[in-house]
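My questions will all concern the structure given below.
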């Protein structure tokens, strides 16, 4: 065996050992958080309200708030990001104006979420008087979500073959009609996958929310479907602590005795939900592209 | 006979549709552009109050290490140093591990490993930072307490948590960078009698250098801006960092301080100045990434 | 009906067509031939303004005496009256039926009877009716390449254009599909003016009534097909046809 071959063998072994160490680390970390967490998850835990000073509280309100906030955020951010992506991919000419818009989106994507959260606190919560509310939280998460969503939508649009656009234009259709009727349906799987993945990301966001959606939850009525009624669970003007914020809050100033059990249970729910979002994104992308192939 | 002149010059539904489409999409992108402008303007405006209105000098803010808002002393140097320190340590530990996984997955192990590892990395990238903070609190802090002494809270725990948090992101980007290297180059190198390790060190890594650097900077930018995971394990004492003791980063002071100060007071303005520094640093990271990719291209 | 006057087309400062003058005969098939880069495809695409935003146009293209490049000309109506079929078949991801009525639906046509009637008429004209009449609801992308291309012709016909532009419509197809499309085009000229770009000189001689030969952005010769092929006026045309060039 030559020297080079010996080095090759030793290096390969070292690399594999190092990679194995990473795998071990990941398994340990995930195991340490998920195993006690999952054992704490029960029907009672998922469906009852949290306690302030006693053991035995659940996470129902926080879980609902997290999902509701994701829905509100997507309602605002998807149309906006899609519009921007369509403009960039279909209409924009290559000039300084387009370049500066792209730069702006990139700058936005590089801002730390705490900075965006503080901006939201200053503008939405204080200046606009929204107070700590779901709406303020949704607006902040929209800002956080826009760059990624715009980018994934633009990629999805750019993968639609140009021939399809030309065929539409050749029939004398307005470009906007070509986009709505031909390009968007073809790009749908990609757009949807991007939206679900972004949903997973905002589902776990906490730093941007502690000063916007707030760190407390009021008692709401889950039978009241009128979003304008102050105690309705749908009221977007109420403060709402999400699951991720709850975990943070429990571990910084929590007073309940079972804080660590509740927070590892909540963390397990958070991670499993995000896993579901990831799987859902894959599945939907897969299903739709399969259906379109037929 | 049709009046062609009138027909071909006349208005039609398509013209209106086109105007509507351009209008809607143009408005969306303009709103985003405007939003970014407003965010930057607000942060610069609020962040400069401390220097313009409250009479604190910029040099004092940057270089002084004493942070005592109660006594109207605003030196942010200890936080800036701590932020940079934990970010660098996290990035530098993560890099060799991420490189090793990248090399193992793309160069050594069979392709099926990548199929298994990809979704796992995706999940790890998606795990919220509070969960990493919780892991830090329940796992890392006790271990640090045993090994190093003290409370366990501090820069070591913070660095480890950030390392765990950014490693999946860096790994995933490094795998992409390795895969972008042309397969023919590997074959050509092997054809000249190079061992796999020689090919990796002489061909693959140099070719993927830009991608590796971008991955590292991207991960470090994420670490620098992370607030809650750090705030949960660093102990939150705005003093110069030490091995055993508590410390504070820019983000952790922002997290704890914003709720405890009143808008418009110097103590509050100082926090906005910290936010401005955070903003400036994320722009610097962004610029660095641009620089690296441009140099590559 | 369609005339080109002193037409010069420039791609980013680089002229690809210089001073073209020609009048396309109504209800005939005109073939545009020439080597790649001779400008024939550019000419075709500018005839219904598919080059908008890519190339700059100097001179006039008159359709029914109206210059189609005037600033306030309605590009959509122009493209509806001058339809185009592309090199690659471009069926939309929907059923055969929906593909054919696509243009009509967008123009707001809702009358079911009229749509049905137009589908049959267009598919018959494109010589596709007998092959697909029993599966109009099945996806267009399941058709063979040749059928897809005839579907695209039917889709263009359904909107009742006056002129049909075809950009190498058979270059992606097998010989049998090619001859079916050629037969279709010959049938169609009773009702439509057809302009076709082709690389295939046999195809030009088989189906066209007039042929225009282009070389390096210039129109060298424009003659009845038989005359151009058997007895070209210009030496350049003769060289190209005999394979000395291109």
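Each chain gets a letter, A, B and C, in the order it is written, and its residues are counted from 1.
We take it that a residue touches a chain if its C-beta (ideal position, glycine included) is under 8 Å from a C-beta of that chain, and two chains touch if they have at least 3 such contacts.
Note that the structure is predicted; figures quoted are calculated from it, not measured.
Ranked by how close its mean Cα position lies to the mean of all protein Cα atoms, the top chain is A. The greatest centre-to-centre distance from chain B, using averaged C-alpha positions, is reached by C. Chain pair with the highest count of contacting C-beta pairs: A-B.
Chain C has its Cα centroid 54 Å from the Cα centroid of chain B. Per-chain Cα centroids separate chain A from chain C by 48 Å.
If you average the CA atoms of chain A and of chain B, the two centres end up 17 Å from each other.
Shown for chain C are the residues in touch with two or more other chains, namely 76-78, 81.
With touch defined as above, residues shared between interfaces to two or more other chains in chain B number as follows: 13-15. Looking at chain A, residues 172-174, 177 sit in touch with two or more other chains. Those residues of chain B that touch chain C in the shared complex are 4-5, 7-15. Contacts from chain A toward chain B in the complex involve residues 4-5, 7-8, 11-12, 15-16, 18-19, 21-22, 25-26, 29, 32-33, 79-84, 86-88, 90-92, 100-101, 104-108, 110-116, 118-119, 121-123, 126, 143, 146, 150, 172-177, 179-180, 197, 200-201, 203-207, 210-211, 244-245, 247-248, 251-252, 260, 263-264, 267, 270-271, 274-275, 277-278, 282. Taken together, the chain B residues at the contact with chain A in this complex read 13-15, 17-18, 20-22, 24-29, 31-33, 35-40, 42-43, 46, 96-97, 100-101, 103-105, 108, 119-120, 122-124, 126-131, 133-135, 137-139, 164, 167, 171, 194-198, 200, 221, 224-228, 231-232, 251, 254-255, 258-259, 263, 272, 275, 278-279, 282-283, 285-286. Listing the residues of chain C that touch chain A in their complex gives 48, 50, 53, 76-81, 83-86, 88, 90, 92-93, 102-103, 106, 139, 142, 152, 155-156, 159. The touching residues of chain C, counted against chain B in their complex, run 63-66, 68, 70, 72-74, 76-78, 81, 107-108.
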